[in-house]
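We just call them A, B and C in the order they show up, numbering each chain from 1.
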Amino acid sequence: MRLNRLLSVFILMLGFCCHIAQSNAQTVDDATLRPLVQALAGDNFENTTKAISDLVKTGDPRVSKILDALSAGDLYVAKADKTVFLGKRDGSDYAATDALTGAKLDPVPRSAAEKIKVNNRLRRDIAAAIGGLTLMSDNIAERRSAAEAILKTRDPESIPLLDQAIAVEKDAGVKALMQQAKAAAVLNSDAADDVKIAAITEVSAGNSRAALGLLTPLENVQGPVGEAAKAAIDSINTKLAFWNAIQNVVYGLSLGSVLLLAAIGLAITFGVMGVINMAHGEMVMIGAYTTFVVQQIIRTSAPGLFDYSLLIALPAAFLVSGGIGVVIERGIIRFLYGRPLETLLATWGISLVLQQAIRSWFGASNVQVGNPSWMAGSFDLGLLTLTWSRLWIIVFALSVFAILQLVLKKTMLGLRMRAVTQNRRMASSMGIRTPWVDALTFGLGSGIAGIAGVALSQIDNVSPNLGQGYIIDSFMVVVFGGVGNLWGTLVGAMSLGIANKFLEPFAGAVLGKIVVLVLIILFIQKRPRGLFALKGRAIEA
Amino acid sequence: MITQWFFTHVDRRGGIAIALLVAIALLVPLSNLLLPQTSPLHIPTYLVSLIGKYLTYALLAVALDLVWGFCGILSLGHGAFFALGGYAMGMYLMRQIGPRGVYADPVLPDFMVFLNWKELPWFWHGFDNFWFAALMVVLVPGALAFGFGWLAFRSRVTGVYLSIITQALTYALLLAFFRNDMGFGGNNGLTDFKDILGFNIQAGTTRSMLFAATALFLALAVFVSSFIIRSKLGKVLVGVRDAESRMRFLGYRVDRYKLFVWTISAMMAGIAGALYVPQVGIINPSEFEPANSIEAVIWVAVGGRGTIIGPIIGAVLVNFGKTYFTAAFPEIWLFALGALFIIVTLFLPKGILGLYGSWRTKLADRAARKKDSAPPPVAAENVHLPEPQAAE
Amino acid sequence: MKAQDTLLYLDGVSVSFDGFRAINNLSLVLQTGEMRAIIGPNGAGKTTMMDIITGKTKPDAGDVYFNGEVDLTRHDEAEIALLGIGRKFQKPTVFESHTVEDNLVLALSGPRSAFSALFHRQSANEAERIEDILYTIRLNGKRDWLAANLSHGQKQWLEIGMLLAQDPKLLLVDEPVAGMTDAETAETAKLLREIAKTRSVLVVEHDMHFVRELDVKVTCLHEGSVLAEGSLDFVSNDQRVIEVYLGR
């Protein structure tokens, strides 16, 4: 029985070899082809089957279209002259075209034509035949999708076709895919154990998740095949676990970058100046709205610049949020230095006012901020699929961090800023205008929040409530990392991001977040000054 | 005897407040129930419930002031204790619905039937008894506050750090209570209540009684706060607020004092929540919103922190303003509230009552100094501190 | 052990903050009933030493014993205060929103638990002690004043009064005469000598007139360890002391 089938497969293969040898998808002239097409309108299904296989043997690219039409029931035969044509119902007529050339024919009255009947078995044959044909197609995308289709159906009958196609395939990617498909089909066939084991090796080299799906049914098969499958499954699982961990780290880093962006401005106002700015989230929100406004202006006046909209929005958001920050510092916060709890309340009031102002101005619902083309799409890294926006956020957050470190360490403003934080009286007696340094520091922190808003506008809904979603997380990051220490903020943000992502699979997103919050609350009990705490007498005062 | 005992623990202002609260606990229900609707002194039922709601807020504010005003612990999470008390009461009210729910299950509340739960979760047992629920109203917030405070105060988390983690606490609870599988009705919370203690919760008499209960509990809270503040313990608390480490060097276990007042305050907030829920008819996770807790802080700040009745005045005034503004000019309300935060912290750090109070203590202090024959003391700011670089 | 029969015994104590050695192998012994003056330039570690004795700062190394037997490094501030060590801060720290009398009530030795405080009623004995202390610190006419309204010198005295109310065995007094007039300084020296009759006292001070008036053994600290120890005359003639502290 099995031998019989193998033999028939072999014969089919042989047939194909000959056919491939004479023509790799080359055109056969109409005269040869037309009688074969006519034969489709045979008296019984058997004849039709033969006609299909004859047609396929020609390897003509037009064949697949004709077979498609046959399968869909669009192929008709005129009662009078038995001509086969492509028909489409048009009132009481069929709009007819020539099956081969596609030339328009006179409409045929519906009563004068008959549909060529197909049954399910025929349809299956047709599908297999088309699969085989498109494996040979000139078009690389068609060949790829044909291989993918077989990978799904795992039809053993297509093995010979695949062998054919693999032999002539030039594109490495498609070739690998075809080999995968072939291995999948072999596993689904009655092939000998050693053939199957080879196929298992082949399959497990490919897409791991798909391979798991193929191999799992074999796991319980007795004998070497089952064992090989089991071993392959184990190794795939190890590999998947590894990549899963990598994915958690990468996703965690990207979440951490978002946290870092939101928190880093706070690390300056809270960490360096000791000012609790509850309106920090609103600075982020205003940055996001600035991006929206910039994009609106670009859309109406210079649509060509849209891809640069974020680059234009960055300085704009920095100036807008930073400017508002300076105004807040000069107008309110400077009267509250040394009274942190009052500062907290007053800035909360500011946050309410800013939220309502934006709501009155832009409306309460989300505004649409577009993604420039370079933020869209994704790429593969090993078994990971990463979106470009995720990657850009990481890069962006780290650059902001680096630039900020440079500003604090290398510029005059940074030097003065540190001087004022460490010893206000001394700094002021050395001629540093401490009020301006305060205002600029607060402005810098707010401006960075605005920049964060530009980035967050790409991954989050831009609404007046945007900032509220980040304020608690940002404070957690700063407090966790240790106040007054930017590196602490970086490490804090990244570790919280990664912890969140590792907890998510076990606990779900919400519960994971709760767990992280509770852990931070407990952590602060242990180290009230955070991860990278400064200690000493000065801090206690 | 009793009056004498009473007045050693309550000052004049507290006494007046308690008397007033007892009076409205009697008069408002009487006016609502006995006077004809046409009478100008008749208070309609909706207004009874509205004022009742304000008074539960006032109770929350009194609780918050006990820790913030007198002990310097700025809690941004008192809404959590309020909401937990409210949920405990809500669970009792849910169980009272019995088979009258939409799905007519004799035991399971509607939302559990909807979620296809087969039996009552363990933590819902006992809530069909009023006494049990009443106990939980104080025990659950009290236990949470005790655990949280024990950890926080022992490791000396103070100031803004403490404020921020209290905010994180209520935020974590907010997220948790939004989840359906927590078993507290998820997003929708608990609602559609029918009876309380066998009385129809919608009826005018029940509403009046709830109002009276609220006013009396508020009076009790004023008394308890006064008792604590006027005791030596109260003096220790104020000492902790003003100079915590000095208190430690005097031999006081500051963490235990804080823990005591923190837990009492959380229990008061729980009672406030429990009285709030039957009067508004719903409890849902939004009560855990950090914004709610901060709003409670501004009630205290407006009225005057560090005073016993300031928080009551603040809570009633701000919430009256909120009711008025959100109905008349909804756009303006957040501007007004935000401005209130800014103005109070900048110009009225001690609130309405504090302004009045500091003016009065100044007078009293001046009188005390007049009695004293010593020359007027030198203001501390004027004393020149020599630079202790080198002597001789 | 060596700590026996001493009231305060520090040996080989070191502590550093972020790499800065505030106290470096410091050893100091105080006998029961002794008054000692500590001098030294800014940053010599005087306040940090007090922080270590009172449990605010834990030393990285070294022994700190009280009464010859109690290891102070194992106790926190409140416990150490109850053992009988009172401390006056450099900046006068009184409870400004309490009256003078309430400041003393809070400081008065007695049960410290929250429960006892809640139901505390003042006894006749306590009232009498407060009366005594008010007299001693010359504030008996100002008992109802808010502490905030006292002059700087009066605050210093109130704080000393609070120390007395605590009834400690050892008083740590940090710069008691800073900001005082000459007359007040002399009064304070008198007061401290009076106190030292019944208790041990450790005084940190910069004012050399004041130290001379105290007329006690002097220890000079420098960079976290003892530079010289002895009578004031002996110490002030030490070359190194003159170099780092007194100046030529």
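We take it that a residue touches a chain if its C-beta (ideal position, glycine included) is under 8 Å from a C-beta of that chain, and two chains touch if they have at least 3 such contacts.
In UniProt terms the chains read A, B = Urea transport system permease protein; C = Urea transport system ATP-binding protein.
Just so you know, these numbers come straight off a predicted model, no measurement behind them.
Comparing the CA-atom centres of all chains against that of subunit C, the greatest distance is found for A. Of all chains present, the one whose mean CA position sits nearest the global mean of protein CA atoms is B. Note: centroid distance subunit A to subunit C, computed from Cα atoms, is 68 Å.
Centre to centre, using the average C-alpha position, subunit B and subunit C are separated by 42 Å. Between the Cα centres of subunit A and subunit B there is a gap of 48 Å.
Within subunit C, the positions touching two or more other chains are listed as 56.
Not a single residue position of subunit B touches two or more of the other chains. Listing the residues of subunit B that touch subunit A in their complex gives 74, 148, 151-152, 154-157, 159-161, 163-165, 167-169, 171-172, 175-176, 178-179, 290-291, 294, 297-298, 301, 331, 333-335, 337-342, 344-346, 349.
Those residues of subunit C that touch subunit B in the shared complex are 41-42, 54, 56, 76-79, 81-82, 86-87, 89, 93-98, 102, 105-107, 109, 112-114, 117-120, 141-142, 144-146, 149-155, 162, 166, 175, 178-179, 206-209, 236, 245-247.
In the complex of the two chains, the subunit A residues touching subunit B come out as 276, 332, 335-336, 339-346, 348-357, 359-360, 468, 472, 475-476, 479, 510-511, 513-514, 517-518, 520-522, 524-526, 528. Of all residues in subunit B, only 228, 231-233, 235-236, 238-239, 242-243, 245-254, 256-257, 260, 361, 365, 368-369, 371-374, 377-380, 383-386, 388-392 touch subunit C in the complex they form.
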